[in-house]
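Below, each structure is written out as structure tokens.
In the two assemblies presented below, chain A is common to both, partnered first by chain B and then by chain C.
Moving on to the complex of A and B:
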């Protein structure tokens, strides 16, 4: 039962992250391999605030959301100034820089050995100390995020974002503000990633840099690609399938030494295969 | 003296980085694909050399075999992946994601076969050093510097003077016009990718001789090389090579001030400065 709970909790956290990545990659069409870095900043913010007893869980989560919002906007800004391919470099650079910071900034992050013993969450005095309560919390937040995503996609703002991907010049010519729309999309994606990071930190009570590295960003991209770009259904299906994959793989008897590499390799195969044969993913639209 | 040693070390790694940068630039300016999987080819070269050394072949054979195998791999990537994606009218983003996926496949395949750890070479010349004027270099470092400094003018001569090089530049500057003058861009793309992959195999093997092989190192190296390409000005091989030298020297000199873990930060800072003040690069002509 605990096993099922842990799967559902992780999957719902990754649904929130999937929505965040989908907003940037699927909807606006910005290539991003730095979403795991933002996720990490959210996790470390909440982890640090709770471990040092600076504030409660809810304010910490709000702080993480704000920090990630600002950060994601700052990261995305170069993509407004320079053409798409330059942003690939920026994105890779930010991810590698973030990993370096998580690993080497020992005073705050605990370095390579990570941050352990993060206290459990509490909602206005109500402790979230069992798996069931955590599941209810993460599922509620995930539903909220899905609802927000759906609202955004159906609003005029969502249509503007879609148009942006199709033809930026036409959007500008129609008198819409390209820059502002992109910044707002990045801000929303940042909030999602920050909240997901905070939930992740309190659920596992242990975080280390390897959870937020380039591989993790590739994992997030795999979720979006597999589920499908731009649809809510895709953003939910993708994480649920990809989070289940390691469990399925553990049924095959791989030596532990190569299990991690094999798993990451399979994500790579999925990325290539979906781009070749099914760019719309399982239930999305063409990326 | 430390300053001089770091400067020379920077020039050695810079020359290797320069070849990576011009090979990427060649592929990128022709196919217009941001070929992230190039980092995988670079890594593959090291492992080919490693496998051959373990089976007793001399290092020069390893280097040549790495070039041959990488050329084939590059040609296959173009003809079997990128060409098919182009045929299906995949978006730019989709090609980029496929390339990233391919990088993950190559790196993790190598990690599964050879373990994810750093594997050092056993060859004797890694340890033999030459000293002059207070600077100590290993024979591998000298070979790297000499070979890479020789490859650079060869690549300039190739793209400017040979018929094939001119065809490549023609396709790069206008694929549509090249198509109607029967230059067959897709065929040229395959050739370019083969050449670029063979080129990147040279530093791939040489750097591996010196530091050993590691499956995931290539990503940071390619990122640094792409920064050199952009800062040097897209399409300018000389710019890319010189910027790679400069970045590498700055990275090495920065060791005097800050610790090595932050060298990604230094590189990235250079990139941001260029993006802010000279987004077209140092060496582009109007």
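Moving on to the complex of A and C:
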């Protein structure tokens, strides 16, 4: 039972992250490989605020959202100047920088050994101290995020973002401000990632840099590719499948020594196979 | 409109790309309510003039005035709002959107075109969206694409895509349209359709600056012709006068063409 709870909680957290990545990479076409860094900033912000008893869970989550909003806008700004493929390199650098900061800024993050004993969440005095309560919380937030994604995609803002991915010049010729639209999309994606990070921190009560490294960013991309770009269904299915993979793999009796690398290998194979044979993913459209 | 104020006036426009002088001290002005054809051999600088007027290109020198207001140095968005909008020679339609959405994407002043409105006032957003779609549908009707409203761009014929470009630029509400080769690649009925449409739009008050290669089309639609060659504005006059000039005919037909 705990096993199932843990799967559902993680999957719903990754749904929020998947939406964030899908918005940026799938919808707007800003190919970021540093979304795990933003996720991490959200997690560390909430972890630090709660561990040091600076504020309650809800304000901490709001703070994480704001911090990640600002940060995601800042790290997305280079995409306005360097286009497409080149942005991947910039974003790669940002991810490495973030990992270095998580690992070395001991006073805040606890360094390589991580941050342990993060207190559980509470909602206005109601402690979220069981798996069931945590699941309800994360599922509700994930549903809210899905609803928000749907509203955005059906609004003129969503159409503007879709147009942006296809042709920035034509968007400008239609009298729209390309810069403003990109900043708004990055801001929204940042809020999603920050909230996901905060939920992750209070659920696991332990975070360390390895959760927010380049592998994690690639994992997020795998979810988007596998689920499919630009659709709500894809952003839900992708995380649910990818989060289940390690569990499924553990059913096969692999020696623990090779289990981790086998998992990485399978993610790699999946990425390549989907790009080659089903670029629209399980439920979505071509990235 | 006050007659002492020029509609669009371009003064000493120059642009150099590396070793190539794409525009060389071009000066001209046009009146409202007309179709002005911009002609000249390939590489003459026609598209560059469009890019410069619409704010997509920074000029080395020169200025643009629209109804007496300087447009130099302001971005494409503001220029669209000032009333000048353009199409692209290579279409640049949104292939993943439907014809209707392509047109809707250019309709100005939509509520919910930013996240806060879209998220926190969804009903208002939906209402505005419905209004936009109605407007867009009307424009599609105007260009004769009403039956293709829900079709994706990639499923439209080339002629329909050209019409859609015109529909999209109309949606901006701009009064002066800069159309870059709206008839290229068209023949027969499709060509006829575009010509009829452009003339009708002019009669409804939309001024147009049109890049056009086909001399027969120029004769049929142009009120006035601007002749551009190697970045120089060689002549401005009635289509008859321009066509009758042997020097221009030599450049146009005798050269590399």
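We take it that the second predicted complex is superposed on the first by the 287 of 287 C-alpha atoms of A that agree within 3 Å, B and C clash if a C-alpha of one lies under 4 Å from a C-alpha of the other, contacts with A are read in each partner's own complex, and residues count from 1 in each chain.
One rule holds in what follows: a residue touches a chain if its C-beta (ideal position, glycine included) is under 8 Å from a C-beta of that chain, and two chains touch if they have at least 3 such contacts.
Because the structure is predicted, anything quoted here is derived from the model rather than measured.
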Review point. Counting only touches as set out at the top, which of chain B and chain C does A:107 meet: first, second, both, neither?
Key: neither
Check your understanding: Is A:248 in contact with chain B, with chain C, with both, or with neither (first, second, both, neither)?
Key -> neither
Review point. Counting residues of chain A in contact, which comes out ahead: chain B or chain C?
Key: B
Check your understanding: Who does A:177 touch here: chain B (first), chain C (second), both, or neither?
Key -> second
Practice item. Look at A:271 in the shared chain and tell me whether it touches chain B only, chain C only, both, or neither; answer first, second, both or neither. Key: first
Review point. Touching A:162, do we find chain B (first), chain C (second), both, or neither?
Key: second
**Study point:** chain A positions touched by chain B in one structure and by chain C in the second
**Key:** none
Revision key, fill the gap. The residues of chain C that touch chain A in their complex are 54, 56, 75-77, 80-81, 85-88, 92-97, 101, 104-106, 108, 110-115, 117-119, 122, 125-126, 128-129, 132, 168-169, 171-172
Revision key, fill the gap. As the complex stands, chain B meets chain A at residues 28, 34, 36, 81, 84-85, 88, 90-98, 100-109, 111-112, 115-116, 215, 219-220, 223, 226-227, 230, 259, 261-262, 264-265, 267-268, 271-272, 275, 279
Practice item. Sort out for me which residues of chain A touch chain B in the complex. Key: 25, 29, 31, 33, 78, 81-82, 84-86, 88-90, 92-94, 96-97, 100, 103-104, 214-215, 218, 221, 225, 257-258, 260-262, 264-265, 267-272, 275-276, 279, 286-287
Exercise for review: Could you please specify the touching residues of chain A with respect to chain C in the complex?
Suggested key: 148, 151-152, 154-160, 162-163, 165-167, 169-177, 180, 184-185, 187-188, 285
